[in-house]
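Below are two complexes that have chain A in common, paired first with chain B and then with chain C.
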Partner chain A sequence: MSLLTVEDLFVEYRHGARRVPAVRHVSFSLKEGECLGVAGESGSGKSTLALALLKLLPDSASLSAQRLDFDGRSVLDLAPRELRALRGGEVGFVFQDPFSALNPVLTVGDQVDEVLEWHRGGRNRQRVLDLFAQVRLPDPGDLYGAYPHQLSGGQRQRVCLAMAIASNPKLLIADEPTTALDVTVQREILNLLDDLRRDVKTQVPHPPLRGTFPQEGKENKEFPSPLGRGQGEGLAQFRRNMKMALILVTHNVGLLSERSDRLAVMYAGEIVEIGPTATVLSRPAHPYTQGLLKSLPRLSGTDRRLPALPGQPPDPKELPSGCPFRVRCPSSFERCVVHSPALRPVLDGTVQAACHLFGDFP
Partner chain B sequence: MGAFLFRRFALTLVTLLGITLMTFLVMRIAPGGLTAGTTDLSARVSAHEQRKKFAALYDLDKPWYVQYGRWLKRLSRLDFGRSFKDDRPVLEKISERLPNTLLLNVLSLGLVFFVAVPLGILAAVKQNTVWDRAVSALVFIGFSAPTFWLALMLMMLFGVTLGWLPLSGLHALNADELSATSSVLDMARHLVLPVLISAFAGLAGLSRFVRNGLLEVVRQDYVRTARAKGLPESRVIFRHALRNALIPVVTLLGLSLPDLIGGGFIFETIFAFPGMGRLGFDAVMARDFPVVMGVGTIAAFLTLAGNLLADVTYALVDPRIRLAGKHR
Partner chain C sequence: MWRFYGRRFLANRLALAGASVLLFLGLAAVGAPVLSRTDPNQQRLTERLMPPSVHHLLGTDDLGRDVAARMLHGGRVSLRVGLVAVGISVIIGTWVGVTAGFFGGWVDGLLMRVVDIMLCFPTLFLILMVIAFLDPSLWTVMTVIGMTSWPGLARLVRGETLSLRERDFVWAARGLGLSAPRIVLVHLLPNLVVPILVSATLGVGSAILTESALSFLGLGVQPPMASWGNILTSGKDYLHVAWWLSVFPGVAILVTVLALNLLGEGLRDVLDPRS
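Then we have the complex of A and B:
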């Protein structure tokens, strides 16, 4: 079953009187427990997309979509209270910069506990310490009362992870979670993400609390409360399912090769190619994906200069007509100037690419 | 924290010495000299003789550094000397005035704080709405209208035209005959205009400061994190944003302490308010050297102590300063 369905998502930022598109015509879906990698250059709209999924965009952004469904509910139609129950409850977020993502005047334990307070019916110091242990923070017992500035970058990102998984979310959205960290720490954090995905048992049904889904007070028949009657049965029920789904946003395609089930490549606010990670990486269909992969350094490679994609990504204020990639594309032809290509199945049909090279137009 | 306090304290002491030295020297080069107020009016002694006697009495015939040294020596015994004018101890004159100035300014500062902070929050949360614009307009007026002009206008309106409030001073002429309750009431009536007007300008500045600080903080990543946790907006603002936004306000509070103690010279003069500012002003005009030095020193001391207190408070509210060096 599909956990997240996005159809024709559009985000624009207001720049004075102008409207600058950041994400255009984005459609994809994510299955429960699946990991989707989103790759692209800076400014390709991948972070905006990640924030848009739970309407966390700044006020200057406007968001529209044909469909934006999470777990059977339309995110765009949710009441503010229901939306808040999703954020941090069923969907966890990890941001790029652990140095600024934590509040400097609150202790890290307090900040994690706040998630429990809001989504799990109350603060629970022991649970916070368990979470610290789960994200492999050293001496979790001493950490509760520490302030962010007392921790290293890697430790802070672990705290952010603990915060994101505190309420056993069904989906974790990680926006460049390792970009700000040392290379040695990056791998640890990514491995931790993998382990958490396996270990976090998503969405323990819990007794009604502020902003509970779907309707407060109504007994959820499918997942009876583990804290009420039939406790063991309830736990067994939900544990049967789950692996936490993950959307991993990064500009580093290399990170995704071993991790994501599927890979989406973004360019100028659009998804230009999406498909199973292994297929996309071994047989990239879209000329942009091909260029992107060619520019990756390889250990086995010779000492020749890495081929770089010629040119710059287009200025979103001045997008070219037709295909946004055509000005840098080695294979562009007349049609690319006039028509903007839509995503269509290519190759064996598991991959979709937005390129006229695969068109069967007359 | 201990080393920090010690360093700050030592610095404060040096600053205090510097201030007294500056005041001392400035008074020395004031036109007319310290004995200019002595006149030929006495029939028995000439002004020249009078001045010489006066100068000898107060060591004014010695070089300035000897005078300053002796003044410091007396200061170490907390002896500020006696006024040239009425020969009363300086400390006594100051102790009459200081409570009045403190009362006025604590009231006004309290008013500023309790109105400006909510006003600033309102303007920031409702950015670019009617609320924000109204606060901005108020700020604009508060900043641009000169206090003395505003004071005179309001005195005209409430004191003369409407006759609701007394114009000047702190007590009515018949204050001695009033009962305790009506005496307090009388004082309150006298305080309304000075407190309101001295609060107005500060109100404008501080509310703007809070608004901009909050808007700055709201853009920070950790506020986005708080929203991503699913917290309601009120909690995001009051728990996550406001704490950070108010840290600089503590500094501003420390910086406004000189007013609290020194009193506004012009302001107190307009209202004929019996405070430190007017005492200092009158003393300067009359070249009443010991009083000028006394007012200057005590105001400087209390101001520096206040700044020190603000620094300590700053450290208390910001763990990054409080726990500096205590890395894990």
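Then we have the complex of A and C:
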């Protein structure tokens, strides 16, 4: 059964008197426990899509869709109260920039506890410490009372993750969760996401790394590390509960190659190609995906200058007629100017692409 | 966190000086009944307009009352007016500012037009008008000063709220399903404490000044109750024969307001994370 079904989703921003489309004709579905990667350039609408799934849009945006169903309920028809229960309850959200996604004047433990209080009916310090251990923060006991500015970027993103998974969501939406981080930390966070998502029972949390936390190097006697008694039990139960689907939004296709089950490529607010990650990456169907993959640097590559896609992504205020990619497309033809292509099965049928090259029109 | 701010505060000499003076004044005001056993309203017509001496430290006034005792009790009144008026103004100003900034739209438009209208009036004139219709008493003065001094704070809070509202952590809180009142309470207000605190400290000074001005004009605290403002008033007629009657309350007002301003500016420097 599919967890999330999106059909013909539109998001428009009011820009003065005009309406500027940011997301157009987006349809996809997500199975329970599945990981969907969403890739695209800046401005392709991928972040707006991620936010729109939770109706988390500014007042200037308007959202419409044929269907936007999460777990059998229509998100569009939810009362504000039900919507709030969904956000942070059944669907977790991780923002791009961990430096600004935490409140600077509250301790991180307090902020996670706040989510528990809101969604789980009460504060629970032990649960917060469990969550900190779960996201592999060193010395959870010490970190509880730390302020965001005392943490590194990676640690902050872990705290954000702890908040997002605090109430065992069925779906986690991560909007470029690693973009603001160092490359080495990126990998750790992505591995962590994998572990959180999969039902790994053998995985033991890393031992606390003493002294890595940039606070004055004193032991906190009052709040010892929670990795003692009772900890394993809570973690095991936590892991059993976890069977989380993931929507991972990024502009870095390389990150997705090893991790996502399916990959959606967005261009000018539309999904232009969607299918199993391995297939899309090895046999890209849409000319845009092909161009995108060709422009990726490879370790085994030669010194050759990387081929770049000519031109710029179209201004959403002035989209070209027909296919939005046609002006940059090496293989566009007359039909592309007139008709906008819809997603259709291509190749072996597991991949869908929106391109007239695969059309069987007369 | 607080230790960090404590250290920065101690390093800021002006703020420290302001705080010390205020601590001294506060203790004097609280301990007034103990410090001076003389009744501030006790008239001794045989001892009119006596210059400062061992017997009367700051001299006596035109009715033979001890100026030192009146200053101490007047200080209680002045500080109380300052604190209560600012309390009222902080409550109204914060509420209006947060509501306007967070909800925006027509709510914002309406509230800010009210603020604009309030700011159009010269405040003192407005207060005089209101008090002219009401019975001038200590509570009237405090309430009216509080009710007229909030628009500036409301503007400040609205501005801060507008910028906080678009910060990622507020969006993240929305993404975590928190309701609007909850976001205001948990995420906005703690971030507004510093600007409000700074503005309130400066506000106490200006409230004390306003009260003094009102009392000086005879529409503030009514005699025989002492306040620095009305001691100053009664002194003005005897300026050429009894300088102590005007100078001491004047200096007291000056020093208090100066100390409050120093403290307010100091707090701003100390608590501003950007400095």
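Rule of thumb we're sticking to: the second predicted complex is superposed on the first by the 318 of 362 C-alpha atoms of A that agree within 3 Å, B and C clash if a C-alpha of one lies under 4 Å from a C-alpha of the other, contacts with A are read in each partner's own complex, and residues count from 1 in each chain.
Rule of thumb we're sticking to: contacts are C-beta pairs under 8 Å (C-beta built on N, C-alpha and C of every residue); 3 or more make two chains touch, one makes a residue touch a chain.
Predicted, not measured: the structure shown is a model, and the values here were computed from it.
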**Prompt:** Put the two structures on top of each other at chain A: do chain B and chain C fit, or clash?
**Reply:** clash
**Message:** With both complexes overlaid on chain A, does A:L151 touch chain B (first), chain C (second), both or neither?
**Reply:** first
**Message:** Between chain B and chain C, whom does A:M163 touch in the aligned arrangement: first, second, both, or neither?
**Reply:** both
**Asked** Taking the two structures together, which residues of chain A meet both chain B and chain C?
**Response** 54, 56, 84-89, 93, 95, 97, 100-106, 114-115, 118-119, 147, 160, 163
**Request:** Provide the residue numbers of chain A that touch chain B in the complex, in ascending order.
**Result:** 54, 56, 58, 81, 84-89, 93, 95, 97, 100-106, 114-115, 118-119, 142, 146-147, 149-151, 160, 163, 211
**Fill in**
Residue positions on chain A within touch of chain C in the complex are 54, 56, 59, 80, 83-89, 93, 95, 97, 100-106, 114-115, 118-119, 147, 160, 163-164
**Asked** Along chain B, where are the residues that touch chain A in the complex?
**Response** 219-222, 224-232, 239-240, 243-244, 247, 317-320, 323, 326-328
**Request:** Would you tell me which residues of chain C are touching chain A in their complex?
**Result:** 1, 104-105, 167-169, 171-179, 182, 186-187, 190-191, 193, 273
